[in-house]
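Each of the next two complexes has subunit A plus one other chain: subunit B in the first, subunit C in the second.
Take a look at the complex of A and B:
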């Protein structure tokens, strides 16, 4: 399972920029994907651009980060079956990503059932 | 040649009888878990002489818990029996649900050490960062005795110093003695003198100590103090050694 996860992440790793200081985390709750961000200093970014991509690197949607450093969107089971890449850019090289793996999504879905 | 053999035999005899440093141990599979590493960390709990890889029996602890974002959760019931260094210990695969620093802490049962004519209780802890977030790295748990980190207790290069404050009953311990020992996991480290198996540093008047690790790997720091109370053994009151133990991982320097 770990090897699968590493391979899964590495495929995307090659396509995303290396991150500095911005921390991104996402999880699924009650059918909604919740994205949280903060800087390594603990401060919250007040704005930023969020891109959600599928496993084929197709952009599914773009969103604006809310002033509390979060953003939410409904989970589409059909489009997220192979996982989602969530990229957040807040400018000046402060960007990072979180990968919601199929296991993450399956686990969250199971917990709410 | 004969002299060497005799000296070696004598040294072996001394080693076999000398009071070696005991360490409670909590060793995670990784001190900095990235999202690429997975979503859990495996913990191994034991009691040993870590440099010599001399295992001892770890009875079911009095408590084992995790603190994250200020909340402490009991994990004692989740421990799985395991064999560590050929002796009974415990393991746990703990899921990491969110970023941040997870502090794992164990209070073992009092261990009767006949050689020292005292009981030993080593309050043991280690810090694990999840998903690039180090918030909470300096968390103080409020244990009866503990080393509160002043250096981030993960993400250290070999050669860096680790600094911490020794606390007992919530107060810094001036001039506290801190024993330092390497977890010689693959058995490759050798010590030219027994004095170098367990090293000792003293804290300053504020209870602050400093140690520079000479190599990467897991290093255990144990600040030892004697409790005010005694415990009974075979009808006699015996001293109780309280140990504040923290395990810190140092990383290989990657430069030339």
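Take a look at the complex of A and C:
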């Protein structure tokens, strides 16, 4: 009985861990890049690493995800001229990314002017 | 931040992205032809058949990369954002579309018209090759392997291309007739297969083919380019006993050893590339014809 329960919990945990996905979204507002994350279940990740890369895949900075599942950083026009790739990895082994192209950034900058 | 913020903000931002044109405007090829961006080879082939030399077809996925799990670069997405038409397969085919902003006004989801005919699949997570871990989940996405559905995708693409290139309506309409005639011939050839038949595929790609043409196709989770482990062979033997399968379908050419081992299990095998990527030679019609002919010959043997 006990073994059966343990097996059930292990199977349930494995199922849960593969069935939800980390969702990443990033946008520019008032000169700030805002990164927001959540799991497809609606749950907010409370920790994780955020890597910001340029168009050549060079890491520009690494930030820690805040407890509300977001992180912000100032937009550097020089570094972001060719766009930004935002990668997020959470402690649960989930990762995903969002691409901000030069057009995305320019459009957002124009909207907030 | 509330949990609803992401959804609300995302919707607002994506709506804005969809409503506004890229600052660079529509893309044109270097020779001023419009650019049609596509998400897989079948759509690239359909687009090329439909527009001929009237437009440039942009299929940015590198050879050897599964377009379902392709990770685009910033430059790739910039190029797609600037295309005049962005043709997606739909049915969850392109994971990357959920990680970028695309101008909705220029997107055509070519399978949206038959969303009620999508095939649901189980969630299975695994890894192979350099692409890392991935999941087959939710919806089977190789819709074009039902050639009747492929024709509907071609119809949807043609209608969107005519909207974008109204001056070329007559040419696109004429080309659509020829393309649909070829797809109808494929459909007829596949319907002539000696079905019902139980088969096993090396990878879960053939759900629409099986449903359309009366084949019960179970699937392994094998990469045809990698060695098959003893555990995987045992799993196959189990599946053979469960399904009574007599045919094994490889999505790519395997090693000679693997084909020999399949033969020892009493299965006839064929290589049937689903053509999400362009074939090394030939085209969509010629290679599909070849695959169907091989299946027919294996059944008659």
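Basically, the second predicted complex is superposed on the first by the 92 of 113 C-alpha atoms of A that agree within 3 Å, B and C clash if a C-alpha of one lies under 4 Å from a C-alpha of the other, contacts with A are read in each partner's own complex, and residues count from 1 in each chain.
Just so it is clear, a residue touches a chain if its C-beta (ideal position, glycine included) is under 8 Å from a C-beta of that chain, and two chains touch if they have at least 3 such contacts.
Remember, predicted model here, so these are calculated numbers, not experimental data.
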Touching partner for A:25 - first (subunit B), second (subunit C), both, neither: both
Touching partner for A:70 - first (subunit B), second (subunit C), both, neither: second
Partner chain in contact with A:42 - subunit B first, subunit C second, else both or neither: both
Residue contacts on subunit A - larger count, subunit B or subunit C: C
Touching partner for A:98 - first (subunit B), second (subunit C), both, neither: both
Touched partner set for A:82, first subunit B, second subunit C, both or neither: second
Set intersection of subunit A contacts, subunit C complex versus subunit B complex: 23, 25, 27, 38, 42, 98-99, 103-104
Of subunit B, residues touching subunit A in the complex: 35-39, 97-99, 131-135
Complex interface listing, subunit A residues touching subunit B: 1-2, 5-6, 9-10, 13, 23, 25, 27, 38, 40, 42, 98-99, 103-104
Touching residues on subunit C, where the partner in the complex is subunit A: 1, 3, 5-6, 9-10, 13, 16-17, 20, 22-24, 71-75, 77-78, 81-82, 98-101, 123, 125, 135, 137
In the complex with subunit C, residue positions of subunit A that touch it: 18-19, 23-25, 27, 36-38, 42, 44, 55, 68-70, 82-85, 96-104, 106-107, 110-111
